[in-house]
Structures are given as C-alpha cells and as structure tokens.
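Input: structures, listed below.
Same chain, two partners: subunit A is paired with subunit B first, then with subunit C.
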Partner chain A sequence: MNSLEGVVVQIQGLSSSAGDISRLHVILKQAEESLRSESTRLSPILNQLDPSNHSLGYLYILEACTSAPVSKEQAAMLVPYIARFISYCAPEQIRLAPEKFIAVCKRFKDQVMLLGTPMRGVAPLQAAVRKLQNSSEHLTTLHPEFLLLCLLAKCYKTGLSILEEDIFEVDQPRDLFLYCYYGGMICIGQKHFRKALELLHNVVTAPMSSINAIAVEAYKKYILVSLIHNGQFSTSLPKYTSSAAQRNLKNHCQPYIELANSYSTGKIAELEQYVRTNGEKFESDNNLGLVKQAVSSMYKRNIQRLTQTYLTLSLQDIANTVQLNSPKEAEMHVLQMIQDGEIFATINQKDGMVRFLEDPEQYKSCEMIERIDSSIQRIMSLSRKLTTMEEQMSCDPQYLAKAGRERQRFDFDDFDTVPQKFNI
Partner chain B sequence: MEPEGSPSLPMIDEIHSNGGINLCDGDVDDEPSIDGTNTTTTTNNRPIISSGEQLDVEAYGGLYQGRTKIMRLLFIAESCEGNPAMRLEALRMAHDEIKKGENTQLYREVVQKIDGELGPNYAMDSAWCDSVDRRADQKKEKLENELNAYRTNLIKESIRMGYNDFGDFYYAHGALGDAFKSYVRTRDYCTTSKHIIHMCLSAILVSIEMGQFTHVTSYVSKAEQSPEALDPVTAAKLRCAAGLAHLEAKKYKLAARKFLETGSELGSHYNEVIAAQDVATYGGLCALASFDRAELKSKVIDNVNFRNFLELVPEVRELINDFYSSHYASCLDYLGNLKANLLLDIHLHDHVETLYDQIRNKALIQYTHPFVSVDLQMMANAFKTSVAGLEKELEALITDDQIQARIDSHNKILYARHADQRNATFQRVLQTGNEFDRDVRSMLLRANLIKHEYNLRAARKH
Partner chain C sequence: MASSSTSSSGLTFKLHPLVIVNISDHYTRVKSQMQQPSSNSNSNSSSNSNSNSNDSVYGCVIGVQRGRTVEIFNSFELLYDESTHSLDRTFLEKKQELYKKVFPHFYILGWYSTGTDAHESDMLIHKALMDINESPVYVLLNPSINHAQKDLPVTIYESEMHVIDGNPQLIFVRSSYTIETVEAERISVDHVAHLKPSDGGSAATQLAAHLTGIHSAIKMLNSRIRVLHHYLLAMQKGDIPCENALLRQVSSLLRRLPAIESEKFQDDFLMEYNDTLLITYLAMFTNCSSTMNELVDKFNTAYDRHSRRGGRTAF
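Up next is the complex of A and B:
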C-alpha cells in the first residue's frame, strides 16, 4: 500500500520537467514489479492522476492494470479509461516507453474486439498512431492494428487517410507485411485498385528469408487485383524479390495462377466454368467476391478493346463479340462503364447503336498543369532523398570497409587516399 | 470514297473499275491450252502452272530430271485425291522414270501404289528388281575394292573420285544418308576449289532430297566462300538452293531476295532440283508477301534479270503487276486460280496458305492507306467478299496495329485515324512519372528493410 502511494506521489511530483521525467522513468522501472503484483487495486488510482500531465506514470499503471487477462466487464470499464488516456497523453512522455504504450494499445484493441465494437477503437488508435510516430514516414507496430480495426469496423475512409502517407522507416518487417496487407484490403474495399496493387506488390517483393503466410495471402489477392486493374498477370516476379518468395509462392497459390491463365485466353465461358468448379477454394480464402469482380472485369476489357477498333457499333454486335446474352445486357455494361469513366461513348437507343468517342482530355487545363507540376515536385523530393541516402551510405564505415577490401590492389590511375585496409 | 486531294477523272474510273468490269489486259488471252498455242510465251516452255486448268502432269514432269522428278510425281499422286486420272498419270510417269534408274525401293513403293490399275505392264517386275539388286551388290563390291586400293596408294585425287562414285551409287539406290556421308568424306581430299564446289553441290542436292535444309545453308555458304570466282551457272544454282532453304525455314523475305538474285543463266541446268518456272513462282510470291512497295518495284518489277524468269510464268508476272497497280480483284483472282496447282508443288504446298494470307492482308492495308475514309461496300466489291467478312478481316488488322483506322459499323465506313501525338506524349509522361514514383518508394522501403535486417544480424552477432 505504502509503495503504491509512494509511486503515485512520485508521479505527481516528478512530471513537470524533462529532467524530472527521466528520474521518474528510472523510479517507475524499478517499481514495475510491485505495480504488477497489485494490478487489481490499481484502477482507483487512475482517478488521482491526470493523463496529459502525468502521462508516463499513467502509462505504467495502465500497463500494470491490463497485464493480467481481463473479463468482459472489466474490459467495458477499462476501455473508456484507455481511450481517454490516448487522446490526452503527451507524446514526448510516452515516447520514452514505446513498448509499454504499444502493449497498452494492443490490449485495448483486444478488449474492444472482445466487446464486439471495433468502431470504438478506431479514433483512439488513429490518435495513438499519430502520437507514437517519429515522423509521418515512420511505420509503427500500431499501424497494422489500426488498419485491422478499420477493416473490422468497415471504416475504410479513415484507414485511407493513414495510407496516403509514404512509409520509409520501418521498425519491424512483420509490421510492414501486415500493414501492406491490410492496407491492400482497405484499398480494394474502396476500389482504389492501383494503390492496392502497389501495397500488395510491396509485401510480395519484400526481402524475407523464409516464406510467411502473410505473403502467401497477399500474393493471392495480388493476382486477382492485377487481373482486375491491368487485365493481365505475369507469373514472373521482379528480380529484387527474395529467393524464398520466388521459389515458394507459386506452389501455394496454384488455383489462382490457373485462374489467371484461364483469364488470359479471353474466353468468358471457360473462366466462369473454372470459377464454378473451384468455388470452395476461393470461398475458404475469403476471396470469392474478388474473383467475381475479376470475372466481370473481363467483359470490361473486351469492350475496351472494341473502342480501339470501332467508331460505332450496334449493341447486338457488342453482345455477340463480348459473349453477353442480349443487347440489353450489353447496354447495361456499357452504361456502367461510361458512368465509371472507363470509356467515353454515347448510346443511341433509337438505333441501338453505341458511338465511341475519343478521350476528351486535351491536357490543356490548369488542373492538368497543376497535376504535372506536383508530380515534378514529388519526384524531385524523392531524388533528393535518394541522394542523401547515398551520401550517408558512402560515409558508413562498414560499407567503406567492405568496399576497401574488394578494391583493386593496384590502381595506378587514381592515387586516392582511402587506405587499403580500413580498421575502425 | 474520298481520296485526299482533288481526284482526276481517270483515277475515279480506275478506282471504280476495281469492283466493276475488269479491264486488265492480262487475262483476256489467259486461255492456256495444252496444245501450247498460247501467245504470251515465246520460248518452248509452255505455261505449265496455269489458271484453272488442271496441271499438265506430263509437261510438268518434263521440266525435271533425276530423283526430284520421281519425288514430285509421287507427291502429286499423293496430293490429288479427287482426281484419279491425274493420279494414275503421275504414277505411270513415276514408274517409267524409276525403271530407268536403279532404285528398287522406290520401284516397289510405286508398284504398290499403282496396284494393278494401269494394266499388266505396270505390275511388279521382280525379275528386274532382282537383277538390279544383284548388279548393285557387284558394283558396290567393286567400288569398295577400288577405294581400298586407292587408299593404300594414298593418291588424293583417286580417293576423292572413289568416294564420289560411292556417293553417286548410294544416291542412285536411294540410300540418301550414306550418299551424304560419302560426299562429305571427299572434303578431306579436295585440292582445288572446283573440287570443293563439286562436293558442296552434291551435298546440297542430297540434303534437299533428304529435306535437311540446315545442311543446305551451310554448304551454300561454304561454296560461296571459295576464293575463285564462281561461274554464273554455279552461282545461280547456289542462290536457288539458298532460296529453297529460306523458304522451308519460312523466312520469306530472305527467300525472295535469293530467288530474285538468281541469274537467268540458270535455265534448265539445275532441273535435278528446281526448274526456272519455280524460281519465278517462288520468288514472285515470296516477294509479294514480304516486300514493301518500294522494294517490290525496285527488285521485282524493274529487275531485268528476273523478267526473264517471269516470262515463263506470265500469270505470276500479271498478278505482281496488278498488285502494284492496285487492281486487287484481278490479282486475287489469279492467286485463286493458281492455288490448286501450287498445292501440288513439293516445296511450296505448306506455305501456300501463309503466303496467300500475307498477300491478302498486304492488299487490304495498301488499299486503305491513301484514304481518309473508305466505303466498306465498295471495298468489299473490290475484294470480292461480303461486307461482314471484310469487317472481320479489317478488325483483325486494326487490332494488330497494321491499319490505323476505326470502323463506323453503323454506316459501314472505315475512317483513318491518326494518333494524336501530343496527347499520347502527355499520357506517357504522366504514366512514367507515376511508375518512377512508385518504384523509387518501394526501393527505399526495401533498402530500409534490408538495413534493418542487417542491423539485427549484426546486433545478434555481437
């Protein structure tokens, strides 16, 4: 009891300046064990502390509170506390103990899921992510947790806002895999297939020493999204893919590769037949919806091909060429595509004719100029990033040591002063 | 049709005449008859492969000699299923030719095929077979003995002659593989370039008969590398052989070039392989299928040398001229007429379809090239097909990017479409920018991951 009171007093007293906080940190670390043992009695103490000023102390106590498995009622009680804490806590303080913060947030997520209301966790976790990040390019362990909650709560748009940022710094590879996988799923949900393809591509080609289940699942979705977005799929992975992935991924995704092959023949009846016979496999991977989207994308592809060859075409002819059942269906498809902006055409219902138009984009408007300009800016900043990275690398002692070892021994032309053996 | 620029009246008439009355002067006297009273030829080479009429087997056979004559006649017999008269004629001629030679294997085959349909004279003559075989064995022994004698004497020239005789012997008896080996063996004993050329020509002959055209190409190049200048006949022979090899390899452009370079001194000197008419036909058709307009004009139409060959097959000459002057209907007519007989040709038969398709596609492309818009009905008349069929063909060509146009299916008009360079460039630029962006970002991410893993490993090591 005494030690507990003592801890509270310390927290309240030493939470004002940076120097005090580091002393507090040391004290808290020592008191960790005792806190854990008193986990059941900690909840009332939380009322004595202010989350925004005493964030570090609050964090430690919260962590000790939740270290034991909680029941539903306890979870219902704890969840608001944690949510309040996350919204009010001070980022500098919690960054001193990131693992604790992550642990608390993870348990928060579990509790929210236990209660069956993932929606409650979305906003707090978004705030948590922002507070934990060193910079907007930093990927924390909380990112995938946040995206998972978004998926479960079907709040795709919130997830998208996080996905807009570019990631360059990663803590744990596993975080990246999960982040890209969930992110891909969110983008598929929002029909942003290009971004989904990019994220899934990152998972599949990431350096990994051995194959993992996330990559396998991601590859399955990658095949399907590639068919929907590009209308084609090539089984050869780029050179920079890890050898583990190149060897093993295809073996685990055989039905999907055969689907892609069937797609490339261009015969819709065959494709649908294949989907019907292998329905359970796709169903068990939860990919049946995506597969159906892939099949319908084939009609779109065929109609798009027609726009290259014809100026006007009757609906009957379209139905025949694309293997639809009736001109009515053809009209529905074309109408849908016009609305989605995938083709430019006008339908003349009197004659039953469709007139295909050229893309009206003339690339002369202000928006287009702005777009091009912003692209140029982005790429320039990326180039700068690359250059700084290269400079850093060239000064790195380990790199120099290795390069120095492999240098030519006799180089008469350049007498540079890098020593041959570099011992640091 | 709306041609670009102001049309002059005669041009419109000509354009209309494609679908209408056929005013080409080529086919007015195109009534080839077997009695050779055709006025378009001057030499005594009758137009053998001629329009519509059946192939005159006797005249055809008369063009060739040696083993190729037999093989060609047998091929004709095999291919003309529906024509028993022609088949029997071919078999009869083959039989007579084989009897003049010493190939009992072929003889047995032919007799089996004839199956007694030609009467008692053409039944199996076992006595002849046996006597020929016996003579063959004796000759073989004799040759072997002679060769051994020469070999012990180490006289190069005699050894070379010995192997040559062996080669001839095997060739006459149908053992082509052995013949080839014997001819190739003479290589070590060749002293002058004449010997080498002789060896190459023999090897080429046997390879063509065997159907191994890779050897043909290598021996042709070997012969052409000879330091002495080749006499025109030999040079022409080598060109023909090279052309045949390219034809078999489906390299129609190269084949056409080789055939067009063949000198007219060839005449009938190479008729154990190929006749002058064949050079004209193969060369003309391959050129038509693979050359563009400029090359067609310079290498075929203005080629004085090749004109001599084209005189022998006036149909091919006419159809090339028609193609060049855009009289597509008559050109395709000639082609249609020639087709049946070309399918009976031993070297060309499996290329006929491909060549015809290519020629037809070229005609379609050339037809649409000068116009901004083309009425599909008139075009269908010009090509003697239906509008629907024409539409399908054009669709295939447009998808293949060989014609830049779009079809107005409602009004049945083809509109030329010139890609807008500016828009296309903008699109490409934006796309490249996006791809670069995406790739660099993933690259930086991967670099970060690798660095992380490296650090982990380094940390673990310490």
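Up next is the complex of A and C:
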C-alpha cells in the first residue's frame, strides 16, 4: 500500500513540466509490476488524480486496472472513467506511452461491446484517435477499432469524417487492412460506392507476403461494389498487387466471379436465377444484401447502355428492353437516374418519350476553374510526396541488392567493376 | 568633357538592331577571350587618362545618309592602336573597300565604342575619322548590366563646334535616335529575345515559350498599371499637384476598356483558361503516373518474394 501511495504522490508532484514528466515516465515503468499486482485496489486511487494534468500517471494506473478480465458490473463502472479520461487527457503526455493508451482503448472497446452499447464508445474513441495521431495522415491502431464501433453502432456518418483524410503513414499493416475493410463497409452503408471501391481496392492490392482472410472478404465485397458502381468487373488485378494476392484471391471467391460473369451477359433473369441457386453461400458471407443491390443495379446499366444507342425512346420500349414490368417502373428508374446524375435526359410525359441528352457541362464557368485549380494543387502535393518516396525506395538496400544482382547477369558487354552483390 | 546638351544639327538618326547586336557581340567575345582580368578593372569610372582601359572595343559603323536622315545599317570591328591613340587605318581602308563591293551605297558614317561616357580621348579618334566623313557619329554602348534601366544603353554622339572660354572646341553632343528594323531583322531579334531551345520544334517547348512570353508581357503591363494607380492615388490625396493632361490620357485609356466586357468574351476567355488548366492538370497527372510506375517497379523488385526472373531475354 505504501508503494501505491508513493506512486500517487510522485504522479501528483511530477506532472508539471516536460522534464518532470520524462522522469515520471521512468518511475512509472519501474512501478508497473507492483501496480499490476494491486489491480483490484486501484479504482479509488483514480479519484485522487486529475486526468488532464496527470494524464501519464492516470494512464498507467488505468492500464493496470483493466489488465485483469472484468465482469459486466466492473465494466459498467469503468466505462465512464475511461471515457472521461479519454476526453480530458493531454495528448503530449499519452504519446509518451502509446502502447498503453492503445491497450486501454482496446479494453474500453471490449467492455463497451460486453455491455452491448457500442454507441457509448463512438465519441470517446473518436477523441482518442485524434489525440493519438501525430498528424492527420497517420494511421493508428485505434482507427479500425473506432470504425468497428461505428459499424456496430450504425452511426456511419461519424466514421465518414475519419475516412475523408488521406493516409500516408501506417503503424501496422494489419491496421491498414482492417481500416480499409471497415471503411469500405461504412461507405457501402452510406451508399458512397466510389469511395468504398477505392478503400476495398486498397485492401486487395496492399502488399502482403501471404494471403490473409481480410483480403479475401474484401475481394468478395470489391467484386460486388464494382458491379454496382461501374457495371463491370475485370478479374485482372493491377501490377502493384502482391503476387500472393494475384495467385490466390480468385480461388477463394469463385461464386462471386461467376456472379460477375453472369452479370456481364446483361440478362436479368439469368442473374436472378444464379443468385437464387447460390443464395446460402452469399448469405453465409453476410453479403446477400449487397448481391441484391447488384442485381437491381443491372437495370441501371441497361438503361445507360440505351443512351449510347438511341436519341429518343419511348418508356414502353425502355421497359421492354430492360425487362421491366411496366412503363411506370421504367419512368421511376429513369427519374431516379436523372436525379443521381447518372444520365442526362428529359422525360416528356405527354407522349411518354424520353430524350437522351449530352453532358451539359461546357467547362466555361468559374466553379469549374476552382475545381480544376484545387485538383491541381492536390496533385502537386501528391507528386512531391511520390518523388520523395521514390527517392527513398531507390536508396533502399534491398532494392539495390536485387537490382545489382539482376544487372550483373545480363550485362555481358560492359565490363565495369560492378560488384556481384551490394554488401550493405 | 562630353556635354550632355542635345544636338542642334537637326539630323535624325536611325539605328538598326544589327549594329547593337554586333557591338555587344564584339564586346562579349573580347571579354570572354581575355585570359586574365584586366589590371585596371574599375574601368567604369570616368577617368581623364588618355589610355583607354582594356575593356573597350572599337569599330566602325556604316550606313546611308539621305538628306537629313542618317541610317546606320551595319558595323565592323577595328583594332585600337595604343601607341598612336588611333584606329588601325590600313585595316579600315581595306575593310571599306570590301564593303563597298558588296554594299555600294554604304558609307562610313562614324565609329563605335563601349563604355559609360564619352571621353576626351575619344575626340582624337573622332577627329581622325573626319577626313573620311566630315561629321562622323560616335555610337556608345554601355555594357554594364543595369536591371532597373528600361531603355537601351546606347547613345549616339555628334561633334559640334562650340565656343568655350573663347576657344572654339569640338565637343560631343548627344543626339536622339530611333530604332529601325527590316523584316528579317525583326524576326531574328525576336528569336534571340526568346532564346528558344535548339530543338524548338516540339509542341511542349513551343507552348512553354509562348506562355512565358505572355507571362512577361502581362507582368510588365501589371507593373505599369500599378505605377499609374499609385500616381492617381497620390494625386487624389493631394501629395502631387493635379496634372490635367495626364488625367485626360488616363481617362481615355479607361474608356477603351469596356469593349472587352461582353459575354462572348467571358465565355471564350473562361474556356481557354480552363483548357490551359486542364493541360497543366494532365501534365501533372502524367508526371505522377510515371513516378508511381517507377516506384511500383522498384518496390516489386525489392520486396516481392517471387519476382519474375525475366528481365532481358538472351539474344
């Protein structure tokens, strides 16, 4: 008990300046074992400390508190403490012990899920993510946890705000996979299919030394979203995909690839037949809803194909070509597509004719100038980042070793003294 | 001492750009061929010494004089003889003969030199030439680069007999001149001014050169308008007395502007602006894509465990 009191006094005393805090950090690291052994008696201690001034000390004690498995009642008691801590803690102090902070937040998430109220964890975790990040381009381990809570709590909009940022720095590869996968699911929930496609594409093409389950699941969703958004799907993956993915992904997603093939024929009846026969497979992957959306997007594709052939068409003809039941349904579909901006057309209700128009954008307006200008700025900063990355890669010893080796094998005609291997 | 009064002879001088280019080229060549820097390197100070510094170059200008108009077409270099403080006479006459054969109408109109100001010693050379041409001209090029100066650093001097302290003396007086160009000269000056790269055929360099030209023109227009604006503001505040003639000119200039406010102009202008922006965007895109491609290739070489052993196939 004495050591505990001593630790508390230290925390209260040494939390003012940066130099003191590093000393405190050392002391706390040494006291870790003793703290953990007394985990049951730590809760009242927390009341003596202030989360915003004594963040580091509070963090250590909290981490020791939660290290043991907790029951539901204990969880109910701890959750408000942790939530309060996260909202009040000082970012500079907790960045000194990021693993502890991450551990605390993860346990917080587990407790919140144990209590069955994921909504309570959304706001604190969002604050936690912001405090842990070094910059808005930094992906921490807390990002996927936060997105998972958003998914479970069904508050997709909060998740979207985090997804808006571009990521350039990643702590752990697993974080990236989970982040993009959950992010893709959130975007699907919000019907932002373009962004979902982008995120799922990242999972599928991320560097991986061997195939992992997240990538397989993501690939299944990727196929479906690609059908919904683009109306087509190509099985060839870009060349920056890892070879592990290129070889193995397709084998695990066979029913989806066949679905895509049947989609490309354009016949709705066949597609629906296929979905019916393989329903359980899609159901077991929790993808049945998405599959149904893909089927209904088939109508949109067919109508879009019509715009390329015809200038005007009657609603009845549209209904017949697209295999809809009535001109009324065709009118609903066309109206929806015009509102979403997917086609440009006018419906003449008197004689039931639809006239397809060209894209009215003349690129003559000032708003277009601003759009292009902002795109140019973005791409310039991206170009700078890419150049630095490429330079770093050129200096990478692994790359130099392999490049040197390959070169020696085939250069018969220059006899300069290139070493066999770069021993760096 | 060279006077800064203007000439009263009533002659109009027309100078061709070829002469200016020749003089500057002569000076540049001589300067760059000198192995050591000259011992008296601060030669820009107007010294009264008779020996001209090593930095000046000399030559003759030739052209046509019709009535009151003197048109200077061409020039050639001459050697300055330090010992006699005069130009090499034999060489000059030989060159004159040769030029006469090709250009029968051209006469020796005078001579040129480089420096900041006309000196006393120049008068000796000037007098020596007076037997070829009774009133020679002296073209002086100032080779020092002054970024603030907007006009050409070329001055034309004539000699006049003035009575100073009871003695009639020949002194240099400044004359005004205009630049006269033939079509061929205009094209070549344009070329030199834009310093087009040697393979100026590709579209990218042409576009870049075109846009650079427009950019510098607009920059100059902007700075001039700013000067006018400052001036008008000062006039409004009362710092400077109102000058009605200037105000009338400014208002007539402004009244010409609304002619470009029409809607059709806006449309065309915005469309062209957008086109240029799109070209920039596309160029950046291509740049990024190629960098990305390189990066991916390098990454695949470095980290992919089962990278292709392909490379170049055996011949």
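One rule holds in what follows: the second predicted complex is superposed on the first by the 389 of 424 C-alpha atoms of A that agree within 3 Å, B and C clash if a C-alpha of one lies under 4 Å from a C-alpha of the other, contacts with A are read in each partner's own complex, and residues count from 1 in each chain.
Criterion: a residue touches a chain if its C-beta (ideal position, glycine included) is under 8 Å from a C-beta of that chain, and two chains touch if they have at least 3 such contacts.
Worth saying up front: this structure is predicted, and the values here are computed from it rather than measured.
Number of subunit A residues touched is higher for B, counting subunit B against subunit C. Looking at the shared chain after the overlay, A:Y399 reaches subunit C, while subunit B stays out of its contact range.
Contact with neither subunit B nor subunit C is seen for A:T66 once the two complexes are overlaid on the shared chain. Contacts of A:E198 after superposition: subunit B is touched, whereas subunit C is not reached. Once the two complexes are laid over each other on the shared chain, residue contacts for A:T140 go to neither subunit B nor subunit C. Applying the stated contact rule after C-alpha superposition, one finds that A:T387 touches subunit C and leaves subunit B untouched. Once chain A of one complex is fitted onto chain A of the other, the partner contacts of A:S243 are limited to subunit C, with no touch recorded for subunit B.
In the superposed model, A:Q93 makes contact with neither subunit B nor subunit C. In the superposed model, A:C366 makes contact with subunit C only, not with subunit B. Once the two complexes are overlaid on chain A, the subunit A residues touched by subunit B in the first and by subunit C in the second are 207, 209, 240, 362-363, 368, 372, 375-376, 379, 382, 386, 389. Partner subunit B is touched in their complex by these residues of subunit A: 166-171, 173, 176, 198, 201-202, 205-207, 209, 240, 305, 308-314, 317, 351, 353, 356, 358-359, 361-363, 368, 371-372, 375-376, 378-379, 382, 385-386, 389. The residues of subunit B lying in touch with subunit A in their complex are 395, 398-399, 406-411, 415, 420, 422-423, 426, 429-430, 433-434, 436-438, 440-450, 452-453. Across the complex, subunit C meets subunit A through its residues 267, 270-271, 273-274, 277-278, 280-281, 284-285, 287-288, 291-292, 294-296, 298-307, 311-312. Looking at the complex, you find that subunit A touches subunit C at residues 207, 209, 239-240, 242-243, 362-366, 368-369, 372-373, 375-376, 379-380, 382-383, 386-387, 389-390, 393-394, 396, 398-399, 402-403, 406, 409-410.
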